[in-house]
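The first chain written gets the first letter, and so on, giving A, B, C and D; residue counts start at 1 in each chain.
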Amino acid sequence: MSKLDFILEELVTANRILANEGIVDSFGHVSARHPDKPDHYLLSRARAPERIERGDIVEYKLDGTAIDERGRVPYVERYIHGAIYEARPDVHAVVHNHSPSTIPFGVTGKKLKPLLHMCANIGHEVPVWDSQDKFGDTTLLVSDMAMGRDLAQSLGSRPSALMRGHGATVAGRTVRHAVFISVYLEMGAKLQMQAMQMGDVKFLTPGEVDQIIARVTDFPLNRAWENWARRAGREMQA
Amino acid sequence: MSKLDFILEELVTANRILANEGIVDSFGHVSARHPDKPDHYLLSRARAPERIERGDIVEYKLDGTAIDERGRVPYVERYIHGAIYEARPDVHAVVHNHSPSTIPFGVTGKKLKPLLHMCANIGHEVPVWDSQDKFGDTTLLVSDMAMGRDLAQSLGSRPSALMRGHGATVAGRTVRHAVFISVYLEMGAKLQMQAMQMGDVKFLTPGEVDQIIARVTDFPLNRAWENWARRAGREMQA
Amino acid sequence: MSKLDFILEELVTANRILANEGIVDSFGHVSARHPDKPDHYLLSRARAPERIERGDIVEYKLDGTAIDERGRVPYVERYIHGAIYEARPDVHAVVHNHSPSTIPFGVTGKKLKPLLHMCANIGHEVPVWDSQDKFGDTTLLVSDMAMGRDLAQSLGSRPSALMRGHGATVAGRTVRHAVFISVYLEMGAKLQMQAMQMGDVKFLTPGEVDQIIARVTDFPLNRAWENWARRAGREMQA
Amino acid sequence: MSKLDFILEELVTANRILANEGIVDSFGHVSARHPDKPDHYLLSRARAPERIERGDIVEYKLDGTAIDERGRVPYVERYIHGAIYEARPDVHAVVHNHSPSTIPFGVTGKKLKPLLHMCANIGHEVPVWDSQDKFGDTTLLVSDMAMGRDLAQSLGSRPSALMRGHGATVAGRTVRHAVFISVYLEMGAKLQMQAMQMGDVKFLTPGEVDQIIARVTDFPLNRAWENWARRAGREMQA
């Protein structure tokens, strides 16, 4: 199996997992950097993640131009992906979603931070990007490279960023890594909402966050991936 | 396939979707204006949405009189539908439900407003209709045209209205549009409840709401519909 | 089909519905007064509701003595059922459960009252029975007729009562009625918890509650029952 | 069937139940003391609980050394299990999980205590073990016997302990007992979070807790186990 074949199958599985675990609904998307052409990426045509098949996946240049589109309508917000790949050579997969528990953080200014060991992977603190700041009234959709680059700048070197009134974007070193962070971003947000109702929250210390991130090898990612894939009716590739 | 056949199949699918997505329980209903006779509408006999089949759908005049009822018992609250079609020529589908997260807004006077881009479709602010105001103690059911028209007046030109101690009513330009708004009304209500516990909420600006509403073409509605239909065991019609 | 056969099948379906709708977990039970012998009732042996089959149902005298027990171990708390049938000739079915959203009301002294039209069936206000008051430290289980009668007295002529640190008990005129009230007791409790976080709650007026209760004929109960039964893999009996 | 065969099958079922009931996600684990060698225990290789099969289960010495590992990678945190078996001769099964509703208690210092009769089994009050106290910044994982023994000391003679920013650990007299406590620890935590939002909580009295614990024989454990096993696609062993 070629590296490209592997990544295409990974993307189908990633879409199904994100839908099955409640991280995306009928919207949201996940991409991978092309394994042979670092200035191209792979992303489904505009379709609900739960329904995506291999033939839906289109190759794009970083500026969002499709290669061989064949009538497959692109996601309006593909610029999120291109702008992050452009700014972050370390990133090989991007998830954009409307993960429900992250939304209240984006609209209240309350800082989302890791309180559970698995959630260290979301980063020390999750920034909030507000499209109003530079672009004023819009549909909130990241619909060109200018908006994509502004979001990428807000993300900086971090693993995740929230988008006010909209959702979240996650950047990972592999598809499995980006999916893993996305699942624990949702879980961390849900738990922090509950904890904040109860009193002052003891978050992970900076030292704990650093140690955990350093320890997240492919082994735990694969353990979760095997499980999530099977729950979504897919097999884990070797 | 005739336009009528198409709409009848759409209504079966809409009922199944609304049940499967948790927007209706054993009660609630969805209708469509008759495609050939604008002063008639199509609505199931009184049955749980999850169970409805094509043969359950009855044609009604706007005043709620059934055409060819054949023993099929009507919903008591069919007047909701007729009164809205009477007042709103732009409306071709109506959903009435007891969507759980909307109920607390109806009984506390807290304003439900869109805070997530998908939720712009619920309108700038969702009014609350209280049957007590004009009709005093009742079963709260909209059981005649007088009550239906009073609700329609409260709805005005908006896409959705809450009903105190009862539920919500949504008006759309197509069946898919009304179902879409209903799903995001529930989601927006749930998210707003969570956000209000955390602090002051930054809602969408009026300009953002207007831009998003203008942008909701059939394309995103179909993306969600394909997904929801398949989850409910139905296929999307072309 | 005899009346007894009908009731036995109803009880199997009721157990499966209550489990499938999340109203009971591995504990909780539902009984019916014997259709031919008003001083006997029918209740499963001690088994999780989701697993109950017709052969599990045992006939009991009101005092909890089994008729033809054949090694089938009874529920410790069968006295709940006998004591209510003894005190309430109008009652033909009883549900006892640990319905999750009702528990916080039982331990905080906050009054559970109907705020949604369907929830009028729980009664104007749900009393809380506390086993501590008369019996001091116990396992909280209603394990003899003295405790059962004390609970029945707290229930009075109402449709439902909470039990502090334990759960709820519901009395209905038929099996379908008791199941219906149980489902909306859980829903009402969940919605009231949410609404109370938002501000002052406008509950149904006493007049509204009375009108709704008067209107709950078998027709709406059957609509819900058909749906819940099918969701639980059972058919509605004619 | 040998005692060892019985326990191995119990462990497979326990893993599937804990996953199916939402007590573990892709992480967390359950072990049993070896029925013939009290200084050995049985625990799966590092794999998601929902996927575990009998061939995944490895025998370990109390110090975490595998017997006949055959390439099966162990859980980093197996020291939790060994340290508790070492300190507690009464314990024959241990569950470690990241049970979601327990997390907010671990990070806020709010005491988790039983408010529902079934939850008496979690003990009079659940202590919180914080790895920071003795070990400073770590990954929070219990990755050697020193950390395991410190956790075991915090657990003391109790049935359950929370771990700050991490999860919970439960000790039982049988596999079924440990699973039962784990399920009701999650439920109790969820209900207490809700009740605390409503006002002062009346917890079970110490006398009630003692009476309930004394009464939890194998009979109720088996009632729940039969149900949970079947829901998870497994049969209860006789």
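Here is the rule we go by: contacts are C-beta pairs under 8 Å (C-beta built on N, C-alpha and C of every residue); 3 or more make two chains touch, one makes a residue touch a chain.
What you see is a predicted model, and the numbers here were worked out from it, not measured in a lab.
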* Asked: Going by the contact rule set out at the top, which chains touch both chain A and chain D?
  -> none
* **Third chains touching both chain C and chain A** => B, D
* **Fraction-based call for chain D against chain C, same above half, different below** => different
* Structure fact -> In whole angstrom, the CA-centroid distance of chain B from chain C equals 32
* Euclidean distance of C-alpha centroids - chain B vs chain D, Å -> 46
* **Of all residues in chain A, the ones touching two or more other chains** => 197
* To do: Using the touch rule from the top, collect the residues of chain B that touch chain C in their complex.
  => 25-27, 46-48, 50-51, 73, 98, 100-101, 103-105, 107-110, 132, 136-141, 164-166, 193, 196-197
* **Residues of chain D touching chain C in the complex** => 115-118, 187, 190-191, 194-195, 197-205, 207-208, 210-212, 215, 219-220, 223-224, 226-228, 230-231
